[in-house]
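Heads up, the next two complexes both have chain A, just with different partners, chain B and then chain C.
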Partner chain A sequence: MGALLSAKGLRKRYGNKWALDGLDLEVTGGRIMGLLGPNGSGKSTLLKIAAGLVQPSGGKVAVLGRAPGRDTKKRVAYLPEVDCLYREMTIRQTLTYLSTFYDDWDQTKARELLEFMELAPETRVASLSRGMRARLKLVLALARQASLVLLDEPLSGIDPRSRSRIVQAVVGRYRPEEGALIISTHEVIQAESAFDDVVFLDRGRVRLAGVAEDLRAQHGMSLEALFEEVYA
Partner chain B sequence: MKTTVQRLWTLLRRELAASRSLLLIIAGLMVIWNLLLATRIGMWPTYLAESMAMWPMFIVLPWAAIASVQSWHREWGQGSIHYTLAFPVPGWALVATKATAAVIETAFLGLTAAIVGWPLYGRMVHGPADALGQSVQLRAMGITAFKAGVMLAVVLFVLSIIVQLGYLAARAARLPAGLISPLTVVAASWALIRCGGLLNKGLAWLPSVTFWAVGRAGKAYQLQARPAGIAPVVSAAIVGLGYLAVTAWLAERHLDV
Partner chain C sequence: MLEIDVSQPIYQQIVDGLIRLVVRGDLRHGDQIPSQRDMAEQLKVSPNTVQRAYRDLEAMGVVATARGQGTFAAAGPELVDELRRQMLDRALERFMQEMLGLGFSRSEVPGLVSTALARQAGVCGDGHDGAPRSTHGGGR
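Then we have the complex of A and B:
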């Protein structure tokens, strides 16, 4: 299977700061990849470029074999890090609104996810707590049968007790069969059981990458401990 | 599978829903303004309160521009721009639905101002209009209002696109909007006038439309035909389509969220 996301010498500059500085990466299907790194390491920028929300300054990037654009957006699901929901809508209206734009929207999956996340469809988005809004964003991203799912800090705002349950659900029930799921996070301890592959980013470049199991075996420590060591 | 029309309709409905509260507040203020003026009749000089009832209509032109900027600004403010720009819809659909919403909102406010102010400012035209007879004046006013409304809608649509171009150009350039937006709007308006002027000459063969106005012939009132060429509006629409293409290209290819 070809790469679902590939980047070669990818660069992105904001003002005089390089958010991505010659990043090389390849993501293949059927895998869950953890994109790890401290703030400012380039995780969000990479995901936004893949989602078609940010234009690269240099290098090459291909999503499903094409440059990010209208065609790739049809098959890429993206969960933004920021609070970005439509406050004037109810949960049901939000789902209906987004479903209009995607042919791969799965209504059954959306209903199931709402139940799992304990969200009532008639609740107004404006009245949701931060944690509930984070769950709703997860529903919106996972309710599609997308080839590439990009989750930018999906656990941010969710209470620690629910994080593991949600991660297990993502791994067990919403694992992509042919597509790939990329999770950017610095909440490594709760998410590490989900990762097949891991990429550590630092100042816009890949610092360390590999199969999660191999990295644990090679370094004799958990990914959480490895994270602390890499960025010490 | 959803069609393009369904997606455009969904975008448009969302735009209108997002502005609904603000529009209702402004409409309410118009009602309050007119009630206040009604209490001043007889106390203020003749026709002062009546003519002031028309003031809310002056919101019409600026509102198309305000609504266009407000729409994009709201997207960035509440973060929904992350979803909007991730939709697999062409840039022109985003820009055109925002322009259409701006025109509809402006029409709503214009009609509201006209209707709630009519009992007051209508007193100034009752005399001449009554002299023509109800059926004649209603027909003439209806036809003229429809034609003027269509032509104004085209102009407002183009105005909205120019304002959106200014806003998105500043976003794409990552420079202060206070500097780039006005410069872009001024440059685009200047180019519209220049290119529109050239097109206008080429389109002079287009037919005119007739507006009806109440005029005086001696002491008697009568409906008078006032022909107006549609070439300037068609020229503006053609240049506006060019701006739509540029704005759509900016929205789809040059924005960083």
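Then we have the complex of A and C:
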């Protein structure tokens, strides 16, 4: 399997601030990657570019071997950090609505995920707690058979039980042969056991990258502790 | 089932954890063990990590996978004995390193251990051995 996402000298400017400032990265299939870094380090920008939602200002980027766009979007699932669910719809209506946009929507998987996430289909989105909305967003991202799954801060600002369920849903349903999965987070401890690889971003560049198990062995510490050290 | 310490490689902890269950007799020959997916979900660990651990355990003969039926504990009595010896050696090695690090010599260790065991059993060196008597209620 070739690189599913590759970036070379990737740059993105918002106003006079560089969100990405010469980022180099290669993501191959069959692995779960943790994209780590404090707020403002460029995690969300990178994922938005990979999802085809934002145009880079410079450098090179390829998703599934080509420039991000209409073709790559069909094979990339993206969970946005912001909440973009329709409050008036029920969960069932939300799923039905979104399924019409994607050829790779797997209704069986969606149903199984809803059950695992303890979401009742007839509940209205407006009445869901933050944690429940985060669970629903994950269902929407994982219900597709995408080659590249991008989860932007799926764990931030929610209750511990929801966090735990989300990580369980990811590791229990991820199929290495289907592609790669990237989880961005600044709360490393919640998800670190799920990562095969980790990339630490700092001011729009890669500060440190490696295989999670190797980093634990080399440094004799958790990724959480390493994170604290890297950004101290 | 297993406790994961994320400051150490996880794959090794899954291997050691299952071997420990086998050595203790909690997992017997033919007992089913969780599928890779269930284990990944329970431990919140990447399925790749679980797969690596299961592959090693399979190569050692500790588990075996039957197509369509799942994964089972597969160690026979000889392998269990061998694994128990290995676990014992590693535990003793860790203990000795700790004792030497504290400044005790190898020759002091057996005496220290006997004394400590006697104290824990509430015997307090009064000449009796055998049945532990609980005098402080501190033992388990």
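Criterion: the second predicted complex is superposed on the first by the 226 of 232 C-alpha atoms of A that agree within 3 Å, B and C clash if a C-alpha of one lies under 4 Å from a C-alpha of the other, contacts with A are read in each partner's own complex, and residues count from 1 in each chain.
Note that a contact is a pair of C-beta atoms (placed from the backbone, for glycine too) under 8 Å apart; a residue touches a chain by one contact, two chains touch by 3 or more.
Please read all numbers here as calculations on a predicted model, not as lab measurements.
Enquirer: Overlaying the two complexes on chain A, which is it for chain B and chain C: clash or fit?
Expert: fit
Enquirer: Once chain A of both complexes is superposed, is A:Ala67 in touch with chain B (first), chain C (second), both, or neither?
Expert: neither
Enquirer: According to the stated criteria, A:Ala120 is in contact with first (chain B), second (chain C), both, or neither; which is it?
Expert: neither
Enquirer: Scan A:Val171 for contacts with chain B and chain C and give back first, second, both or neither.
Expert: second
Enquirer: Could you say whether A:Val54 touches chain B, chain C, both of them, or neither, answering first, second, both or neither?
Expert: After superposing on A, A:Val54 lies in contact with chain B but is clear of chain C.
Enquirer: After lining up the shared chain so the two structures overlap, which partner does A:Asp103 touch, if you call chain B first and chain C second: first, second, both or neither?
Expert: In the superposed model, A:Asp103 contacts chain B only, not chain C.
Enquirer: Quick one: minimum Cα-Cα distance, chain B versus chain C, in the superposed arrangement, integer Å.
Expert: 27
Enquirer: List the residues of chain A that touch chain B in one complex and chain C in the other.
Expert: None.
Enquirer: Taking the touch rule as given, give the residues of chain A at its contact with chain C in the complex, in rising order.
Expert: 30-32, 164, 167-168, 171-172, 174-176, 189, 191-196, 212-213, 216-217, 220-225
Enquirer: Note which residues of chain A are touching chain B in the complex, please.
Expert: 14-15, 48, 51-55, 69-71, 73-74, 76, 78, 80, 82-89, 97-98, 100-103
Enquirer: Considering the complex alone, what residue numbers of chain B touch chain A?
Expert: The touching residues are 1-2, 6-7, 10, 14, 17-18, 78-83, 85-90, 174, 252-257.
Enquirer: In the complex, go through chain C and note every residue touching chain A.
Expert: 4, 6-11, 37-38, 40-49
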